[in-house]
Each structure stands twice: as C-alpha cells, then as structure tokens.
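Letters A, B, C and D mark the chains in the order given here, with residues in each chain numbered from 1 onward.
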Amino acid sequence: MAEHRTPTTEKPRLARQAMCDRLAMEFQDGWIVNLGVGMPTLCSNYVDPTKSLIFHSENGAIGYGPLAAPETADRYLVNAGGQQVTAVPGMAIVHHADSFALIRKGMVDVTVMGAYEVAENGDFANWRVPGRKGGGIGGAMDLAACAKRVFVALEHTTREGEPRLLQRCTLPITAPGVVKLVVTDLGLFEVTPQGFKLSEYAPGWTVGEIQALTGAKLVAADGLREFRVRAAR
Amino acid sequence: MKNKIYRTFDEAVADIPNGSVFMSPGFGGVGIPRNILAAVNRQGAKGLTGISNNAGTVDAKVDVGTLIAAGQVKKMCCAFTATPHPSQVTAFVRMYNNGEVDAELIPQGTLAERIRAAGAGIGAFYTPASVGTELAEGKEHREIDGKVYVLEYPLHADYAFIRAWKADTFGNLQFRLTQRNFNPIMAMAARVTIVEVENDIVPMGELDPDQIHVPGVYVDRLVRIPPDGIWD
Amino acid sequence: MAEHRTPTTEKPRLARQAMCDRLAMEFQDGWIVNLGVGMPTLCSNYVDPTKSLIFHSENGAIGYGPLAAPETADRYLVNAGGQQVTAVPGMAIVHHADSFALIRKGMVDVTVMGAYEVAENGDFANWRVPGRKGGGIGGAMDLAACAKRVFVALEHTTREGEPRLLQRCTLPITAPGVVKLVVTDLGLFEVTPQGFKLSEYAPGWTVGEIQALTGAKLVAADGLREFRVRAAR
Amino acid sequence: MKNKIYRTFDEAVADIPNGSVFMSPGFGGVGIPRNILAAVNRQGAKGLTGISNNAGTVDAKVDVGTLIAAGQVKKMCCAFTATPHPSQVTAFVRMYNNGEVDAELIPQGTLAERIRAAGAGIGAFYTPASVGTELAEGKEHREIDGKVYVLEYPLHADYAFIRAWKADTFGNLQFRLTQRNFNPIMAMAARVTIVEVENDIVPMGELDPDQIHVPGVYVDRLVRIPPDGIWD
C-alpha cells in the first residue's frame, strides 16, 4: 500500500470538535441518539436550540443531559463512557436488557461511533486490532446492526499515514454494510452504492489531495463544498 | 420464612465452592458489588467463571479484576477482553495474553439478553447482533422475515453479586439511576443472589410495590454495607 | 366405559374446601404458590401460621394476600381470576412478561389447577372440551410445564358418573407427565411410576368403591389412611 | 419536539386504517384501554387483528369484544378462545363458532413473551410451554440441555392501546398495581402507542426517572381521560 503513503502535508486538518459538530448538524428534532465512547461524545457539545435530541446510553439512561460539572456531578448517573452526566427532565432509567431491547427494536435514530477502518461497502471495524488478543466490543455490534443510521467519526489516516477509508476492511468488522455517513479530519463522506461520496472537504484541501490519502475511489458529490463548521453562538 | 439478612459479607459468601459461575454487574464504575467481591477474594474460591460487562479496570478499586489478579478466575464472559488503549494493562489482559485465563467475548446486548434469557427460562433466542462478523462464525444462523439472526443461548450462573440502593427484609430491591445497569437481570438469573445494600434494610411494606426493581423472591442473602465498607 | 358407571351412592363426598385444605397442607414454608382460577383459589383459605407462603398470580402480583373485603377492596389489585385481593407487606408488582419469566425459570414451587381429566402418567387436561370450539389456556400451559410441582384438584367423576382419573387423557392435554398430587372428592392420590397411589380416602369410602369410580388401576399406599381435614382453628 | 398530547380519543385514533394490527392489554378487568377502544369502535376501522389476553368478556363494559361485536375484527391472538363456562356466550364465541372471526390460541406466557420479543428485536425464541400438547404440533422443536422447547416468533403490531395511571408530557408512564399487566410490553412492542391516562398529564421532570414503567420514547399519543370518560 506504499502508494498511499504521502508526504507529510503541512495543511491543517479539521479539529475533532468540528468533525463531531458536522455530524451533529445532521441530527433531526426528536431523534434518539447514541454516542460511542471517545470522540463521538463530542457530538453532544453541538447544541441546536431548534432541535430536541434524546440521548440514549447502553447502560439504560434514556434522555440524559450534558456532562456534569464536577461540583454538581451525581456519581450514580454515567453515560456509556462512564462519564458523569446530568439528569434532564423526562429522563427514564431502564436495566441493561431493556436498554438493548430498545436498540434491537431499531429505535435508535443514529449511533455515532469511532472506528479503525471504514469500507466503501459500508463495513466498518472498531473492536479489534491486529497483534492484540481480544477486543472491546461493548454495545457496538448491537448498535451497528440495529440503529436506523450509523455515522462514523475517525481520523482520515493512521499515525503512519495509511488510509482508514478503504475498499474493504482489513480488520474484523463490527457490522457489514451499515455505515451511512463518515466524517474524518479531511471531510464528510456519504457511503453510497457508488462508494464514498465526498460531499464536504476540509478548508484548503483538494479532492485530489484527499483521494491520495484514501484507500478507495472517491466520488465527488454534485454539491461538493467546503466543510461546514458550527455557526458562532 | 427464612431470614435473608447476613451480618457480614464473609458469612454471605462463605459457602461459595470452587468452580462456581458468578455474575457481577456494574458499568462505568457504578453498581459494582465491591464489598461482595472483596469478600469472595478473602474467601479464596478458585476456578471461578465470571459473567460481567468487563474484566476489571485499571483503577485500584475492588472489582472482578481483583479476583482475576488473585488467580481465582479461570474464565470470563464479557463484552471487553481488551482495554480501550494498549497502554492500559489490567491483570486480566496480562493473564489472558499469557493464557492463564480464558475468555468469551460477547456483544453487550447479547450478553444482557443471554442473562435475561437465563432468568426467564428461555431456551435460546435469535438476535441480529454480530451477524456478518467474526463473532457469529460457527453459530447457527436463521433468516426470519427477511432479516438474518444468530442463535444465542442463556448464560446461567450459580451466584449473582448485586449492589442495591435500597432493600427490604424480604429482598425487594431498588437501584438509583444508572447503578441499575446489569443488576436486575443478574439478580433474576442466578441460582443464589447475594446483595450488598447501601441503605438500611427496611421492614417489608416500606417499599412501594409498584416501584420494585427486583422482587424479593429472587434474592437470597442481604448484607447492609457497614460504615467502613467499600462505598465507591 | 360402561363398567365405570356405578349406581348412585348416597355416601357423602369431600367438600371442595376440604379438598383444597388438604393440598394446602402440603405447602411448605417459603413456597411460591400459584393458584388456578376456580376451585384452587380455595387453597388460600387454609392458613397455617407456621408457614409463610408467597402467592403469585400470572398478572404480576408477587406476594399478595387474601381476598379483599368489598368495602376495602382496591380495584387495581386482582388475582389471576380477576378477584380483588389485598396487598400484604413485601408485595411486588411486575409486568406480564416478567411474571411469566418467573414461571418459566421454575420459581413457582407449586401450582394448583383444576382439570377435566388426569392420567396415571401425570398428563392432565384442563383447557378444551370436546364439541366446543376453542379453549381457555390462560397461563396453564406455562405453569404446568415449568412449576416445580403441579397439584390438581377435581371432582372424582363427571356429572354423568364417568371417571376423571384415567389411564390416558381423552381430551387435549395441558402438559405431559407433570402432575404429582391429585385431590378429588373421594381422596388424595399421588402420581407415581406405578400409577395413581391412593394415600387418603374420603371418610366412609373403601378402596374398592373408589377404584370402581376410577378409570385406572389404583395402588393403595403403604400408609393408606382416612382423609385428613383441617384442624379446628 | 413533537407534541404528543391529543385533545380527544377520536383525534388520537382517527388515522387507524382498515387491516391494522392492534394490541390491547388488560387482565381481570383492570388496565383495559376502554376509552381508546370505544373511540376505535366509533371510528369504524375494519379488518383489524387483535392481540389481547382474552377476546372480550360477558359484561357490558367496553373492551376488545366491543370491536368484535361490531364486526371490526377479523382475527384475535389470545389465551382464551372459549369462555370458562359454556353458558357465557360472548360476541367473540358466537362469531368464532360461526366462522365470522378467526383466532390463534396462545398460552399466556408465550403470548407475553412474543409481545416482549417484538419490543426487544428478538427474531424468535424457544419456550418450554406447550411442549407435548396439541398447540405445539407443527412447530419446530429443539432439545437444549436435555429439555425440549418449541420455537415461537414475535407478535408485531401497528398500534398499542394503553391505559396508564400517570404520565408526563413526554409519555413516560406509570401503572398502579395489577393495572400494569400487559401494558408495558405492549407499549414497547407496537409501532404507534396510544395511551389513555387516568391522572393529569404532568410536565417532564415530575416523574422520578427511577420509577418509570414505560419510557416516553415508546409513546406517541397521550389523551387525558375526561371526567365523563370511561373510568371502569
């Protein structure tokens, strides 16, 4: 895969918060949203007052609020990452089997997950790396198989500069063919029957430059445009 | 009726034999039966099989990892057999890599449903989770109404170790917020359910019958956490 | 089956309450007890202060009390027969799926049911009669298949004098081979590998007379004795 | 967020099309959504399939039998297709005997679990109930750990009609005592859940999050029972 190894570019890439903001802009009013541990939790920092979202976590909190301030945090209320969150009016707590009953019924409108790799066929891999025994599945397989939409947020390339957007995953996958939308630090990509469709690019980057760092053929969307970032609040 | 209240954790776990299967709830550091696990650690039962969301964390607190580190556990059934970052090397990860402890990696929802199935007398069930992945390999598949599922079996246990917010003397239990997590389904699944309680164990009749998270019929042993117990 | 049709006897038979009292005497301290609609509910009238029983009903009441007096009845609390019962301290309410989860897990120590027929192999039939379309299963099949013990209370003969204790059931069965103990208005019968074992007979009745009204061979128990009735309270 | 509160039962059921599948809870006369059923009766949808513990009782109260008597129901899935005594001839029994309505007779626990399976995304499950009986004939059997089970499939529905004790504006629900029965599992199983509420619908935040029997995410429409509604 030496052809993917590109000279280090000095161009700035998108910040993690900007990436997650962009995904959160896609959330619709009333959606039940499940955010994976790590980068995806940043999606909850994007607040659009015209939309009410219902945050669901695997451990049975339905309709919880933002991260709690340390001084007022309740240690009995944590999200899927074990972070202390706030109770908001209307929240309900269920046990773990009921929480996944909700997931399997297909009630989660969107789940946002991190990943090591995403493939143009919608496969993605986020639970096992080569050379390491075991893995961390958590609730990712249940969510990926059952949520209405799977969004993935990940760095466009590995630390070694290898692409993470591929024709086919090389790692064991989490679910086949489920990813609908991908954000990386280089842009926004829809997963379509034609493969990855680049719809928004990081400021200053060209399609060719992004393609050079991608392990699958990119299609430029009709309305291809610069990456949209959060409006000032 | 049999008295379910035990004075100490050591008494409550004294009879757990080597080779037992136990369930231990907790998620994100909440709802973990740390006092019971500490007592099982002191008691010394060996060759245990554990059913739990994870196999211990890197913090120094008592959890399933305490039993693993002590060599009391031969196998874990859990949703995490690796820590999120390679830098976090738990006792389990070290021993698992060395082949000193076995593990079955189970998607979290399947884990929860297999526990629920044991408590509900279900022989097996079909779930869509893991279809098309390495974890479904070798499992029976079935297409139902155009969707593919894998067959999963109940996870039975001899003992459930439970952490509750409130209890009455009959064993009716209540949990607080996400402390609930795996606690109710594990309490209902095991053969013997042992509970550590954070508040005074109240007389029967003090908990609203409409607000019971685990009916007392599922509970065998109750221990009030003493002031010098493990509170977090 | 004309051989079973016997001349009408003038001898008194056991009262329904006496029959149910006798079964209830077998209940042990701490047992979870599920009483079927109709005659079996009479078992709850037998109170032994040395034993605490936990009454379970299919609709999710665990640990309810005796029938409620009309003036204090709470219309939100009914047993499996729809009768208003009392709340006792320690009661818990669960939904229907959790109620049957408890049943299927095998936590019910004894279920007492009425029946049309019981067979010497432990089969029994209580949900469908010939000539009538459909039937009423309710929770009987779940309970019969899963309870630790199935006790049956029924009249020894039909209105026409035909036996209800048979070699094999003629009606569609509720569960195969599950009945352990049977009480009729003529006595108490254990279901054993050798068939019906008569252990207690109604006062004034002989084994021969009871056999004549039974559609299977009776074995007399070693300790065969007169039917035990409730001690005066 | 979408307003879930409807002013009248007629508005809440206005769009139910012919041929819909509905779930209707209630047991022993308690927890029956009588106001919604009366509205569906007025609305007149036909060719309905009903999922319910029974197919109506002999009393004059509004229940599933009201829709059956009105010829709105083509099939019932229930645990009673005959009344306890031949003398009790309900509309259902008469029409069933005449072949005017179809029925599937289901053991009550299997009925509850099939409803739960629909709400839990389970493709199918194995239960020991009915094994060795006429009702298991033709069904797939499987021996698991030495015990025989039959395979049962989820019961899906377009609508659940629910009777609740308390609700908040988001649809979080609470039930009182054995009013609960099939209500929670049906509320969680259907595509559209319509609820009649016995008490004032309170603002979000007034119900304790630890004491919710049905999370509001499962609820689509709420109607407060008016003073002149059906209370029993």
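Simple rule for what comes next: a residue touches a chain if its C-beta (ideal position, glycine included) is under 8 Å from a C-beta of that chain, and two chains touch if they have at least 3 such contacts.
Since the model is a prediction, treat every value here as computed from it, not as a measurement.
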item	value
Contact-graph distance - origin chain B, target chain D	1
Most distant chain from chain C by Cα centroid	A
Centre distance in Å when chain A and chain C are each reduced to the mean of their C-alpha atoms	59
Approximate Å spacing (C-alpha centroids) for the pair chain B, chain C	38
Chain C-chain D separation of Cα centroids, rounded to whole Å	30
Junction residues of chain B - those touching two or more other chains	113, 116, 120-122, 127-128, 176-177, 180, 209-210
In chain C, residues with contacts to at least two other chains	87, 93-94, 97, 100-101, 103-104, 146
Chains grouped in pairs wherever the two touch, ordered by label	A-B, A-D, B-C, B-D, C-D
List of chain D residues in touch with chain A within their complex	1-2, 116, 118-122, 168-170, 172, 188, 203-205, 209-210, 212, 215-218
Residue numbers on chain A that touch chain D, as the complex places them	29-30, 32, 52, 54, 56, 62-63, 87-94, 97, 100-107, 146
Footprint of chain C on chain D - complex, ascending	27-30, 79-84, 86, 93, 96-97, 103, 105-110, 112-113, 115-116, 127-135, 176-185, 213, 232
Complex contacts: residues of chain A adjacent to chain B	37-38, 57-61, 74-83, 87, 93-97, 99-101, 103-104, 128, 132-143, 145-146, 172-177
Of all residues in chain B, those that touch chain D in their complex	113, 117, 120-128, 142, 144-145, 147, 149, 153, 174-177, 180, 209-211
